[in-house]
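Read from first to last, the chains carry the letters A, B, C, D and E; within each, the first residue is number 1.
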């Protein structure tokens, strides 16, 4: 857990102006305080979950690494290489990589390339719905520094500003083999205990939120499933 | 029917007995295809850092950065492409556009890392596992180019038509030709630094392409006040470093310059350049010699508002450009076009006035605020072999001078020219014309110390000389001139093995056993020119410093140790028009600085 | 809707519900709490790519549908306005990841048409080959994909494997696996590698075997028939009204095929008939696509046989770094595996295009048509109706 | 092709007729008559297939060009109808009654160019963008590069050198 | 026998059944993968998946029923197990089977489903709710032919005790219910297709449409419990059918072989057929299997 001091320090450090807490006058004349970081957002803050003791954690990490459940959410063009990956040619199931249809059951989020702002909103939401420890695999140039769409008004340039990323795979788009290499790297990282993206997200939650809110201007979501 | 529809799907089960088609070890079993567009590799020694790859990259994925161990030199920017794999899309347009062919893609495609900052690298400079790979995308062959590698052919007079007359050989580009030639430019700008005058070459080529002659003309005059002249006889060092020339023929930068200048009527000059009504600032500068350096200095100084007076020893302006270069290469009316414009800026010129004889340097110092001396190299050098004192042994520079003035000169039936430079070719070709006019045939041998490959003359000069039936037979060192009965019969030569010793000094080695004899009744020496700076004398001379080769020491603005005296052009930099122009331009700034400091 | 005569006709006729008002709107009150709103997508394994459908369901029946796109919007048309013509090529191919080659071809064709460049014969053949290969790899995914939506995953896996073999051929020929960057203005980027024809033939043989297998697995499958016959009916009257093109129109009995109607490249030298069906339901569309697959195999064999061995494959263009295309506008089209795929290109005579607009078949299929078709559909059929239209969201929003 | 153009010329005041190919011509019609023209083409001339509707921003002239491309599937020809509308308060009559899909095109044009089509169903709904508060992005005066650089944190640390400038600096 | 010993054997049996269930699911997935032309998951994958699921750090909950759902489901599965005689003639592995155990088992089959319904409903996800409503309606119709088949057997053997039914089938393969009462077997085996949730009757969790139906919101340890239960349930359902129709098992080897083939039956069909819509599958169960069930009853009435 982050203590209060740390929290406000973080806020001051990373806050963009439009996300500062401020007083707003309502139509009927009363003054209310608005905290953009928390007000339009409906889940609790994520919490840091400390790893268990070393030996057990090592074993659990091994199990986590060998059982990677990937969310079937094709966010960009890289998702065209996911079907070859899980079908006879490359058969990622051999390596413990399995596709899951719902974020609740998935541990690995493949950001397959560019993210339009509209998708980013859903990606953040989906990422937050996943259960930790969770990992993010970023495919292609677009997630690193904008790639093809570096000057587009509707795609983000750097994924690591919005969600923590574990492994990057170069390519536009990366071949399934490169993706498998990415999975190997991810496994290595998990087994080393370095893949603590979920905790990082919780620690720097305000920073991430502030970045996210800077570009996602419309936080309204339908109140049914999403 | 329904039963069949229930049963047939089960035939799929026969696949269960087949071996799976899965790739066993996908990470190692599957190299990319022969043409696969994987990661970049670059041959750093072949690359010249022209930046075409950066220009064509739609993602701004390529930066040009300095690399340790790569020096910036003429024709090589010293920069190398850095690729950002956070941007790259592996389209390989950079490979296809590469002017040297050094940049290629390999068929390696796996790069996985946890740190996104890793994905920037300089191909070739950082050891990457794929640097050694052979397979991968290379520029397709043949006939696949993003820009034409072939020059637009320049129309020239047929050798048979030109070898009797002094009519200009090169006809110049038409509009279509010029635009097509200008279109080949990749706008790298490698040429700019190589050009002594740092002309904005890509910009004026762009102006040609856009058919915006006035803009191009303005760009020319920013750095070069003699475009008509330079457009014809510039030594075009720019073309030797042109990046397009690495795989094909370099751009005809010189002809494009000429094209621009040719398109503009002399009456339009002032309007286009906006040089009407320059305010005079009341200061006066004298310029000695109306060669390229002097004219350039006069031009830029008068644009700054100085009152310029030029002292010219001959009857016409132009210096070596007029008196050293034959008319078939540089017609006199084109010299006049450039010179007249400069004179029209309010520059006074005194013809037939030699400094040191008609007026002394000290007088000039009194009368003017500053003096620029660009007197050039007008003294021919002699080989000093036995027999050179004979009357039929001439200095090329004197002959050219006389030809220009229209004086009758002695033209023998058999002539040998000693020397392999451009001047030697000029005199060779001038004399072939005269021989042709006089005898109807050519018996002309040009010989030089240098071997065929290292001839200092321009290649086209040599080629054209041969087309005009002169024999160019290089690689021989003159030994002696045979004189029988007071008449020259020929030249003994001996094979030259090397010219420079290991330390790079002039120290020719000969093979004494391999000799030759060129028949001749007239010999012309053209092995270089010397300067005559006898006009610098007395106190002034004492206040100057000289380097071992007798040249006056000047600072970067061509200011000598006598602060009012600026010296530039051939007498400082050696014979070259464009250097002279650059010197004059720079000296103009120097003079401006000097005079403003005094204020 | 077409009457089903066999005993397996369990498609209830619900076309009278919900009632339609006179102005064309549905006579239902979506705000009454009788209906559930459901979002399918964007994070949903069933939708064809990153898009969403907002469904209002009454029980299992959809009463209102709305397509939401924009999740893949990158602003290509804007980006290309600030890129050189040559730089548009790597950019434009990414507009549709399933068959990028049509983008390359159409942009190259537009540029050539506007600037009057003649393309060498060899390049025309190679372009035809690449376009047919692109269709092949796309169909290998979508033909079994129709059954894949109904959880018949085996066929999909076979198909994706064979598609991968075709991608290998692409890799050999073009240097790219998915994004080929093969067609450039003036021609293409290379000849066939050695032994390519033989390897192509090997793959084609495997695909023929696959077609037999998929015929047994899908088209003679009782459950597949029950799920698709009579479902997702497109009224032939809608074809012009909604701008339906390609296999979707052909399944409704319209023999419209750009390859035949407006022959481009070498299609007028190839011998083929337009495939069509008349039932206009999901099954008919699947059959049309299967026939297309067979036709594509045939076309590739014809191309391979008729193609010259060697020749110039690229005409010299002006220097691409500052290529100005004369001012003018044009519309060029080609037949992608989804239907008419066209580029409307405007040049203002500068080095960059003034405007490039893509007319993708999904633009009409996935928005106005899908919204119409889903009304009265069963919730379980939504996904297969969507896939049967072969929608591709990136070409809607670009 | 000529017959169709002649027919149109008889009834409508069209200009700038450009024949791009045998089967593709561009004609320009004034704003008020455009819908009438395409209605006529659809109903009487057999141009039943609507290919596309899009806009081109001629910011220099202060105009939007709307292009309706219509196709006659039987005669196999296309005619593109262009019409110029003012960039200020740009508005155009809706054509959704002729083809239902046109409503989608109009929704997009409204969002990306800011051209309004009153009466077009759902024209004000978000189509592609969400929460967009800048000028419509397809307009020429919207600078996407500047916007992207200000908004999306490009990864820092890149710098490049112009070879010409660098060499001048190094060699002089 | 001492209750403690008995319990020990029950746990031993549970352990074997659980591990066999996990292994069997891996084998089945590998076979399915083989038809598609690939290798599929490693044999040990289900164990790792379970360890991982139980060891996830986050596990958000939607309320009490969300917890109870998997618990109900497990009690359904374990409940069937507890009253199911595994090995015929073995007093150690006959668990707590008693005279009327068949009825109890039929009840437990439904119990798990209901528990799941409650928990998934609490999850709040509309897809869960849709899945549940589909699941319950399909399961109800599955039960009809199944019950008819069971009644037919009960009438045939005049008992409701599984052990006795198994005993009645001993003495040669021709004594199996499969041959003595083929219509009941057919009805039951067809309804088994629905019970195992493979195509064409898996619209309940259709991952392509309603991402995976009832367990949409279940994750981490909850999902681990559900998966553990599924492993047990698959084996135990197969064992039930083995006992009722295929002569039971005299030893563990026989049990493994027979349960494997019974489970394989649903995979065999599932791999090559797409799925029915819910009303189609309901109609289907109410047509053909029901017909068989009715015939089976009529024959033995």
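As a convention for this text, a contact is a pair of C-beta atoms (placed from the backbone, for glycine too) under 8 Å apart; a residue touches a chain by one contact, two chains touch by 3 or more.
Here the structure is a predicted model, which is why all the values come from computation and not from measurement.
Engineer: What are the mutual neighbours of chain A and chain C in this structure?
Structural biologist: Joint contacts, listed by label: B, D, E.
Engineer: What is the shortest path, in steps, from chain B to chain E when you may only step between chains that touch?
Structural biologist: 1
Engineer: If you average the C-alpha positions per chain, which one ends up nearest the average over all of them?
Structural biologist: The most central chain, going by mean C-alpha position, is C.
Engineer: Averaging each chain's C-alpha atoms to get its centre, pick out the one most distant from chain A.
Structural biologist: Using the mean of the C-alpha atoms as each chain's centre, the farthest one from chain A is B.
Engineer: What's the chain with its C-alpha centre farthest out from chain E?
Structural biologist: Chain B.
Engineer: Rounded to the nearest whole Å, what is the centre-to-centre distance of chain A and chain B, using the mean of the C-alpha atoms as each centre?
Structural biologist: It comes to 58 Å between the two C-alpha centres.
Engineer: As a quick test, compute the distance in whole Å between the mean CA positions of chain C and chain E.
Structural biologist: Centre-to-centre distance between chain C and chain E: 42 Å.
Engineer: Whole-Å distance, chain B centre to chain D centre, using C-alpha means?
Structural biologist: It comes to 50 Å between the two C-alpha centres.
Engineer: Please output the residue numbers of chain A that touch at least 2 other chains, ranges allowed.
Structural biologist: Touching at least two other chains: 87-89, 91, 94, 101, 118, 144-146, 148, 150-155, 158, 172, 175, 224-225.
Engineer: Among the residues of chain D, pick out those that touch two or more other chains and give their numbers.
Structural biologist: 128-130, 137, 142, 144-145, 155
Engineer: Any chance you could list the residues of chain B touching two or more other chains?
Structural biologist: Residue numbers touching two or more other chains: 9, 12, 15, 20-22, 58-59, 84, 86, 89-90, 116.
Engineer: Which chains touch, pair by pair?
Structural biologist: Final set of chain pairs in contact is A-B, A-C, A-D, A-E, B-C, B-D, B-E, C-D, C-E.
Engineer: Spell out the part of chain B that touches chain A in their complex, as residue ranges.
Structural biologist: Answer in residue numbers: 20-23, 26-27, 30, 39, 58-61, 84-90, 109-116, 119.
Engineer: Inside the complex, what are the residues of chain D that reach chain C?
Structural biologist: Residue positions touching the partner: 18, 20-21, 23-24, 26, 48-52, 54, 56-57, 67, 69, 73, 76, 78, 80, 99-101, 103-105, 126-130, 137-138, 140, 142, 144-145.
Engineer: Given the complex with chain D, which residues does chain A contribute to the contact?
Structural biologist: Against chain D, the touching part of chain A is residues 117-118, 121, 144-146, 150-158, 161, 211, 214-218.
Engineer: For the complex, give me every residue of chain D touching chain A.
Structural biologist: 128-134, 137, 142, 144-145, 147-149, 151-155
Engineer: What residues of chain A sit close enough to touch chain C in their complex?
Structural biologist: 71-77, 79-81, 83-84, 87-89, 99, 101, 103, 114, 116, 118-119, 122, 126, 148-149, 151-155, 172-173, 175, 222, 224-226
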